[in-house]
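The letters A, B, C and D name the chains in turn, as written, and every chain counts its residues from 1.
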């Protein structure tokens, strides 16, 4: 009789190990959708590598025996400067779907950013985790009325901010997705997309082609900011001049992102773009960043480069796939423990101190 | 019974995938001739890698929902800033030969540059695609009369320009070719080479040794420009001082090229040489570049570095091998779609805007 | 009958080869403890690689036919500028334990730095090698009285200096250790840790959690220096400003160390941090360094960067595992021979000359 | 019946291919002796790689259809700026030994540098190739009389210059050699070493330990120059200050060399040291270089960096092993053809023009 080695609980695993746990549990098409990127996925890989190219220098004897990961963002507290990035269709990773993610984020004391492409509508998230902080990601639709209706729903259900994605005038070319298409399983839908499609009589599959406005300009952002009863963060900033201009247009925050390497293969890693964006914003609004963050020390590097917080996308999906709400909690808790430990070892007692970390490169 | 997965149509494939489709269809000697380069093929590899070392930075909210790949070159329109580079002997890739390539280029709205070493004469190309744009590549022969006769034929058949290759005083040492020689199949010939050989009583195999003038100087270029009734582009420029001097000598355009890494192994990649050449030319004539371009984003990088257009050589041959005219069309159409998509995602509505792309490196 | 190739004696082996000899002799849990580092062990690897990135330039015709590795440190002679770094639990590598190491260091004419986590107490080391030079590494405990008692024991047994480790407010996250835990074999104990635990009624396993003071500041260092009847070296310095401040606080020496990559993965290699620390110290006290040193030429590089001596940790443990006292002697003797040979070939007759070596990089 | 593919003749092979041909023909101990280097052979590898890091930029339309590899060195003509470096014991590679090498060098119109450790004495080389150019490499012995006797023999047999090796006060540590010792086969001896040993009553095996003067200084070089009736080149220069000082001491030439990576592993590649040495010498005497040169383009890079000529060591031994005199001729002829071809393609008609090549890096 062969004894079976019990698997380590998710809470003992690094984010890479949780990913390895999730991969065999996912339908190949879903995995291709989650894991894949644009083109040859050079930017996907570089997003990860670029954090490691920066080496933080520990300080000693600072009297720091513990570190707090607590902070504040848009005027409300955050237990962890790691948000759940907006990603589509959580229900294909796990039946718990976005509601499970929302509960895990609430438990971790961080913000869930609900994707407009999600398998749950804003109201459902609010119901699942009423005490949790939540923001809504959206694409500006050609039909500004539909956009406004969605914003109204978000306001009505306690969403605190809007995250407008501006790097997707068209979808990127993603070979892995094209090679492994998948169909939505019975019972899974994209209610927000569905609403918008129904309102304009367009098939939901034509969302990007026919519903999203591909030709947004700065005046559209200004109009949105003027109309929206919520703060608007702009997601998908690469160039420092665009970071500056977004703030000038009224953005309440800037998210440096290349869409996880899913839009245009070959663009710079976000760790390379963050510093210039921070300098351009000059402290006027918070700067966030996503792309390739998998370790506490990556978060330290982002903070040292001037980020106010980071977002993680794929890790949340892998946690969800591996263990539902508990899996997402494991992901966030692991990052919290890694971050707190790294801060102590770098001589930083809190997030503010992390901004002063010297990076050697 | 095992069901057979139908292969993806060529039109869904990247240039690398089309190459993979073509390789098993080619005679080993032909493949060695097409794919091989000089020496250890370090420059062949670096040509490709060097485009990827430059990372374009997307701009957002530019109001750009679609991008035009249309431009103009030597006073005539071009639907795509990607020309078919002059390469020898299309008929050994596919029976359709240069005529198929010419039709595909015409369909794509771009220029075919017919090689003097081709398996078709200028007249045949003109007949195959009378509406297409066509340039003629030539080596200056010791026998200037033979050179002039060829130019006259080109003029008579609607060729718009001459492309003089200046990087081949001698043939490079190409181990793959030497190891896998091939004989011309029955029915395939090199009519232009044959004409020149017959005129001077030399065996066609001795073309480079006995017919091409190995000791061309700047005065020879000036003389050719003065005599030629067509604009003359100079192909094979590496050094910025040579780019400047070519323009001073009357060149109507400069093509930065290392002959696809086939002449001298160890020379710099063309992506590394392009910027200095553009600066040296200072906008007086168009600058083109070839070598290792396989993706739409590579074209964006070339445009950002100041190129007016690029040429692709091996991809056209692989497309031809994989599908004849349709294969070449697939190659050009793929590049067009990749380029258009990349332009939109970089925030550029047209080729002129691409010149302003910031490269991060 | 198959003849058996006798293994090379340890004295003919490089440090890498001695490591290879030791690995199969070690219990997997012990190996994981010795060899493992924090996180993905990027800093472990970079510590080694960083020495190799600096290339010393030989000088010729300097009249140097032999080189002395003799020097002086803290006012006493040293036959070799390579000390045994403080590492825990030598008795799990070999029954000879720290006593064997102490005898080997004495034989080599260098300092053994006894770890507070060792399997022998200071008195035992003094007994084993009374003529040898010995320093004591310690963590400052919350219970300053326990710290003082240990210092008194060290003084009483002829220890010359204290090495205070300041990079361990908490233990690093070490996946290899976590995956392969090991139990102390019968008869092996950590007497100093045990004493401190007994004194305060804490379980020894809670040493770092409950006994070590996690929140040391510069004032604590100053107080220790003021109280200690021995010179105090500070181990675990990364940043040049901390090196300067340690000297200001009265440190008798600075040890640039990242704890062998065991504390925070992703921090810079010590070879990268050494030069700035040397510049900051400005010659006021000796600067030592550890991390990844495996070859005589690595020692030359450290000397050229301004180190007064280096420490080796894992190599001593591997030598001990492979051959007890003789194994540690083999390690130190190999380094001595490699160093002496490298010095001659670099044109340096002694350690002082090594400081003038040009590094090409 | 299986037909056998006839092997390509040596004359069609690159130097790497000739090496591959030689390797299986060599006794393992001899191969270890020839191919091995010091330590982990990092410098052996970097010597080769460093030439490839420099990328020469071709010039076009220079009117150059052919290139001459002819030059002049120490006042006499040289058909090829590639000399046979001094290497020991040619007779263990091939029965033809140094005589075969000498004949091949004479046929190629280049200098053979006979090693003092050779299996033939100067007189034998002079007899084998009376018309060939020959230099003698020597180590300065403790017994200056023995040194002078050797010089006298060289003078008497038409050697034109002495090459004093200054990078070997002691032998480097060479693990491959140590692991695979070999005994001199019957009939092979080292006559010059034997003479010196006999004269002083020392065993030949103790040559480096007891006969060579390990503590040479600049005054010894000056004395040798003053005494020697021949020009003296200094081999083993790394640092530019030593290059300058060698010329001040009367050297007729400087050879930048790290002894093929056989002395101290981790020192810079010679391609990295050449430029500074050339600048320091300032044209007062020729500068030569060896280490890792395997291709015509490597020679071009060396010339562009200011070398007057290069030496190849291992390639000559591999050629000798693979084909005796004809093998060495194949090596030299291949380099000649590669060099001539590269020069033409770089736009250089002769060696003087090569000095103006632009290197891109």
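Keep in mind that, in the parts below, contacts are C-beta pairs under 8 Å (C-beta built on N, C-alpha and C of every residue); 3 or more make two chains touch, one makes a residue touch a chain.
Quantities reported herein were computed from a predicted structural model and do not represent experimental measurements.
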- request: Taking CA centroids for every chain, report which one is farthest away from chain A.
  value: D
Message: I'd like the Å distance between the centres of chain C and chain D, where a centre is the mean of that chain's Cα atoms.
response: 43
- request: Please work out the Cα centroid separation of chain B and chain C, and write it as a whole number of Å.
  value: 61
Query: Taking each residue of chain A in turn, which ones touch at least two of the other chains?
result: none
- prompt: Viewed as a graph of touching chains, is the assembly arranged as a line, ring, star, complete set, or other?
  reply: ring
Footprint of chain B on chain A - complex, ascending: 39, 42, 166-167, 169-170, 172-173, 175, 178, 213-218, 220-221, 234, 236-239, 241-242, 245-246, 258, 263-268, 272-273
Query: What does chain B use to touch chain A in their complex?
result: 12, 14, 52, 55-66, 295, 297, 301, 337-338, 341-342, 344-346, 358, 360
